[in-house]
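Naming follows writing order (A, B, C and D), and every chain is counted from residue 1.
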Amino acid sequence: MNKTIRDPIHGDIKIEGIFLDFLEAPEIQRLYNIKQLGFAHLVFPGGHHTRLEHSLGTYFMSVKACEKLNLNDEEKELVSCAAFLHDIGHGPFSHTLESILRKALNVDHIDLTEKLILGKYAIFNDDEKKIIEPVTIFEILKDHDVNHHKIIDIIKGNGKDYLSQFLNSPVDVDQLDYLMRDAYYTGVAYGLIDTERFLNSLTIINGVLGIFKKGVSVVENILMARTLMYSSVYFHKTVRIAELMLSKAIELSEDFHPFEFFKMTDDELINNLKNMGVFQHEIAVRLKYRKLFKQAYAPSYVELSADHIDFIKKFDDIKFRRNKEVEFENKLSIQRGHVIIDFPNSEIRLNEPRIDKTGIIVFDNNQCKNLDDFTPISRAIRSRLITDWAVMIITDEKYRNIVSKNAEKILFN
Amino acid sequence: MNKTIRDPIHGDIKIEGIFLDFLEAPEIQRLYNIKQLGFAHLVFPGGHHTRLEHSLGTYFMSVKACEKLNLNDEEKELVSCAAFLHDIGHGPFSHTLESILRKALNVDHIDLTEKLILGKYAIFNDDEKKIIEPVTIFEILKDHDVNHHKIIDIIKGNGKDYLSQFLNSPVDVDQLDYLMRDAYYTGVAYGLIDTERFLNSLTIINGVLGIFKKGVSVVENILMARTLMYSSVYFHKTVRIAELMLSKAIELSEDFHPFEFFKMTDDELINNLKNMGVFQHEIAVRLKYRKLFKQAYAPSYVELSADHIDFIKKFDDIKFRRNKEVEFENKLSIQRGHVIIDFPNSEIRLNEPRIDKTGIIVFDNNQCKNLDDFTPISRAIRSRLITDWAVMIITDEKYRNIVSKNAEKILFN
Amino acid sequence: MNKTIRDPIHGDIKIEGIFLDFLEAPEIQRLYNIKQLGFAHLVFPGGHHTRLEHSLGTYFMSVKACEKLNLNDEEKELVSCAAFLHDIGHGPFSHTLESILRKALNVDHIDLTEKLILGKYAIFNDDEKKIIEPVTIFEILKDHDVNHHKIIDIIKGNGKDYLSQFLNSPVDVDQLDYLMRDAYYTGVAYGLIDTERFLNSLTIINGVLGIFKKGVSVVENILMARTLMYSSVYFHKTVRIAELMLSKAIELSEDFHPFEFFKMTDDELINNLKNMGVFQHEIAVRLKYRKLFKQAYAPSYVELSADHIDFIKKFDDIKFRRNKEVEFENKLSIQRGHVIIDFPNSEIRLNEPRIDKTGIIVFDNNQCKNLDDFTPISRAIRSRLITDWAVMIITDEKYRNIVSKNAEKILFN
Amino acid sequence: MNKTIRDPIHGDIKIEGIFLDFLEAPEIQRLYNIKQLGFAHLVFPGGHHTRLEHSLGTYFMSVKACEKLNLNDEEKELVSCAAFLHDIGHGPFSHTLESILRKALNVDHIDLTEKLILGKYAIFNDDEKKIIEPVTIFEILKDHDVNHHKIIDIIKGNGKDYLSQFLNSPVDVDQLDYLMRDAYYTGVAYGLIDTERFLNSLTIINGVLGIFKKGVSVVENILMARTLMYSSVYFHKTVRIAELMLSKAIELSEDFHPFEFFKMTDDELINNLKNMGVFQHEIAVRLKYRKLFKQAYAPSYVELSADHIDFIKKFDDIKFRRNKEVEFENKLSIQRGHVIIDFPNSEIRLNEPRIDKTGIIVFDNNQCKNLDDFTPISRAIRSRLITDWAVMIITDEKYRNIVSKNAEKILFN
């Protein structure tokens, strides 16, 4: 028994054995309903792809990588399982709500993935269970005698060996799929990378995963692609605004049960919002019809005075940010929830720690060196800013002028 | 004021004037939430694209066509408006529920489009209205002094002149976008056509829209692409099964108000289903987790006896089909709604009358001839079957064997 | 030792073992200098690709096919060697001069390939030999203990088993590469086929190579792609004119030694032409600067009377055609070589017998059927005409009018 | 009268008016026979494209740029003519022999282009002239009343206004075509850039051509693409070796008449080589069969001592380099011409001065700033090395060991 799935990025993906069972599991099928890029489709209308395709693609890339590196059968199975499952813990709209999850429970989607793999959490409701009679990922792994903890170690990048670098390191295969896929669906050319050449450059020497010297160019290309996708797509101003709106709606909801929320699909969350309060209902309708908040203030670092640059560091503290928002609302008679302050830098680094990790190992005649020894590009990318704005205030169009006029006065006092 | 939208198929699409207003209208924004291919993503996981992108793409193609053909400014505006708006009447999951709509009210998505353009129907609810303060398509057309009825004539293909062929004829521009787009998102190569060469082949002679003789090859290619996309994607067995399941759930619903239903987005319909009855809830959950009915009987014409081929014509009558389904359920003690009979041919022809229209006009030294005079391919395509099955019975996996065993006995008595 | 070659169609092609030796052989390196499509670049400026790339691509496709079909190691080696070598016998400008070769010696490029494999013919001159110290294909096969005759059988399609169908049958892998490649380099979209799906459809049942029923669509697509590439590219009017001009120059050359000619590369042939006589020099300069002969008469079958259609069958006889050309020249006082008559049909069928072979075997539940049982498209393609013209006369621009005026009178008397 | 040419990169390119006359001119038709990338096809077998396609593509990009920037009709004509003609002065194998030309006559391909435009040089021979009766570029420009000198100013980048930046500046349109085209034909993904977004970012403010701030990402992408193409393709080790071999053959030829040589096409040069002496004949045969010299010594800067790094600066003087080569040959009893020293850096900078020019003007709220103010990437690219080797010695395989062993001793004394 096997199945062939047609993927626009990788062509035919062949699925068999344990992976065929995964494909039937509710944790995986649910991913059809979680958009890979949250609200990116509001700016790039083609960007409707989901975590399901990305999971298949990461699996495919991991199989290719294992083949190139001649891993043994057990290693291959572990890496491929981890790749297939690495995103099952994603809540609705992928990364969008993660900062809330982190704040409420101090967990992120990787922790939820862990819980799911260990069978400590169910992604479906009881009423659904009766209908679909699911076999969970936890059970499938048990049936196939695959060690749950080894899978988790790879996903979390916990281990000390090369296996833990496949999904969570500067040379992981996860990014190969998402850069290509996000470029393809959004139509933004930056993510077009040479995955085949990258895989051919990978090698394991003395238990360390790195690249041959001949692979320096391809890695420069991938690092550049990633930073460009971050500034052009993932942290595009409008995408960010929609995400901030949804986050605020959840944050202000009175009966917010994180674990209930994180089970939901994108659609279920939006449909639930409608019944959760006036503000939540407003946000749901606004997102449906793309009536978004607007930028009222968004200076770049160049435009800020040294004092202000110093001051905005305080916004790293989310409570401080929230108090400021309330201050704006009170002083300017604005409805609750209609002023949001964004301080992107810390969040970028939390969501994607890999963006700074350009410290890739390069083997030069079997000697272990660092990418920085071969090109000035890696260093430059680390110091490149992702967003235009150092800090941003968004609000309803009707409050735009008043917020704009009072922005500096209130923000920096 | 203008806006540039990045589309993976056509590159940058520039929007200005009335089209910028359209883009803000709720009728258009809602299309972000209507999948172009219904349930095709259950088979082709990349196929999540929506009617919004297709509408933008059809608009783009129409602008190109108008330029090539040197239409005057008024004609250009009419054709481009019609192209932008031609799909606003689509209900949830596009064509999926159209046969129900037709049966209940004897209207289809084109009639709803007409109603929306004439302001006789609102796509949004009152609670939404307060929040988004919409300007409707009807009002935008009025503000810009564009004749509503001329737009409708082009969309319906009513007129006698060449304008009415732009969106509703064997050489329309609608198909240029959908073939390319559906191929791109599903990864099925068949739809890759040469739109540029096609547009260069178009001409208007004595008020008739046709192609130059040099365009015969490109048209052969497009006709072939279309028929292959029909059999491989649009009427793929599994896609069809999901559509039949949803249709049945709606059909059996007690309080089904067609006009309420057709306002909904894909997600809203699925979320509503959950509260509409046990069977409806079951179907909603099944679709979420891709637990689909299975084929129990699906003979091709070659496998049927002459008598049976004669008999199945009766299935063109939907009531006859429904009675048979109940007969299966009663005789085999199967739960209500769990046996569905598909007789695809008539529906294909209703949903896509253009599939048979290969009677394209070819100008050979200014003489008006027919495509059939230049190639045997057009005729062959007309006689090509789209589905493997002449008739198909689907059911829950647990009833599969019993239905299969009794299929011929019950079906043909 | 291995080598990776980057190909724009297939990505990285890995070469090792005997294939690495092939790559160094003069018979293969010479193919860098033989354009795949003769003079197609005069119409499609990107079409400069050579037989070298096509040979690598066919090799790559054959490896994929062998893997899908689980051939054993010996079969794999034979098929892949045959694929790599199948075009080494091509003379300058590929098919362009083949009718001359056939007329002069009753051999074609496949016979020359055979001679080269058997070591009965050398592709290089003695002066070259001293410099490059070549190891020939014949010697490489011997060194690696590969049976020369088995390779030839596969290339010629002589055998009775499935191996002989890999390179010379309606389902061969040769066409997979050339359709994709020619489409890519010329920019003509028609050749874009789904090679992966085709390979997945192939199977061997009871020693017969055929396709599964699910592969019918992909084969329809390939057959259609092929016929469209023939009419749009391979037999494009202007490409054909350049080929006819070169053929005429060779034909009228006094010291034409076929075996010497067929060793040459494209460039060497053109450079030699310059020293072979006034007319030959003229043609060489004309081809360099694209100063081509023009159509003076080119009726389609529809435009010819029944009598004339009957008459033109005589042109199948090349001597009859040549006499007519001289008659034109004498009667109209035209320089020798400046009137050429083309009667494409017979040549198309000789150059590409596969164009008519649509009789593909389809396995339906292990039963052996024919493609015609499943689709009307295959039949339609067999009756489709490739060229617009039934017969064509070309001449120097300055004689165009006079030839045109007298065409029917002289041609049909 | 117009003509449509199908290009795989840009689709249909429409040619009319003066450009149709250009297309017939011998200076343009000759470009069909000049490979864009010299010997890159020896490494990237698909890289056979010619200066003709690139000229058409640059013309196409220039038309797009002029439209975006709303240039007036006269400016449009000048820029488009300059784009179409900017490469007509290229000798055989494009940049390969330019250092010889520069050394012999102190001119480069741009100077030859100037001579051709001014009618001071003919690209064809007298015998060819009689046959093709050419109308030269000089005459066409005169017939259409286009000012020859204004065209030359744009090509040379001489002028002070924005027109002179279209073909010879860090934001020129020439690179848009060659990066895309070279990537497409070689299959190296690095050159895939977003030309549409780049053109949308261009603007002219106060007579200065620059980019909007929103265009920073797209320019970062293009600069990165360019530097990666330089190291991976244009200065690929093996490509470089073939170029050095040809250069040496020309350099050592006794009767080398630069202006005669530069008229030749690639093929004519190779065919002439065969009759120019024993060494020249050897090189011609080696290039035909790809029997290239090998690296005998090729240290990177990291591997060289500070003293040696200091010493190699002397190699900037070509005479010093040539004397060293003779020293190797004499001391090691090596045949004349069989040791070649490459010191790539100075040549890279001469051939492509634009590689250092990343000083692009960025308009931020109409203020004129520099790209370096917005991203650290431009600076990093300027300090990035193109080749792995600081200096390289190549020789016949049979001398490899002896040269290698004695390399440092002879080179640095």
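Everything below uses one rule, namely that a residue touches a chain if its C-beta (ideal position, glycine included) is under 8 Å from a C-beta of that chain, and two chains touch if they have at least 3 such contacts.
None of these values were measured; they are calculated from a predicted model.
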{"item": "If a chain touches subunit A and subunit C alike, it appears here", "value": "B, D"}
{"item": "Pair joined by the larger number of C-beta contacts - A-D, B-D", "value": "A-D"}
{"item": "Centroid distance [mean C-alpha coordinates] between subunit D and subunit A, Å", "value": "42"}
{"item": "Chain centre separation in whole Å, for subunit B relative to subunit A (CA means)", "value": "34"}
{"item": "Geometric centre distance via CA averages, subunit D-subunit B, whole Å", "value": "51"}
{"item": "For subunit D, residues contacting two or more additional chains", "value": "6, 11, 188, 197"}
{"item": "List of subunit D residues in touch with subunit C within their complex", "value": "5-9, 11, 26, 29-30, 32-33, 41-42, 44-46, 48-50, 52-53, 56, 124, 127-128, 131-132, 134, 184-188, 265-268, 270-271, 281-282, 285-286, 288-291"}
{"item": "Subunit C residues within the subunit A interface of the complex", "value": "4, 6, 11-12, 196-197, 200"}
{"item": "Subunit C - residues contacting subunit B, complex", "value": "188-190, 192-194, 197, 217, 220-221, 224, 228, 231-232, 302, 373, 375-377, 379-381, 383-384"}
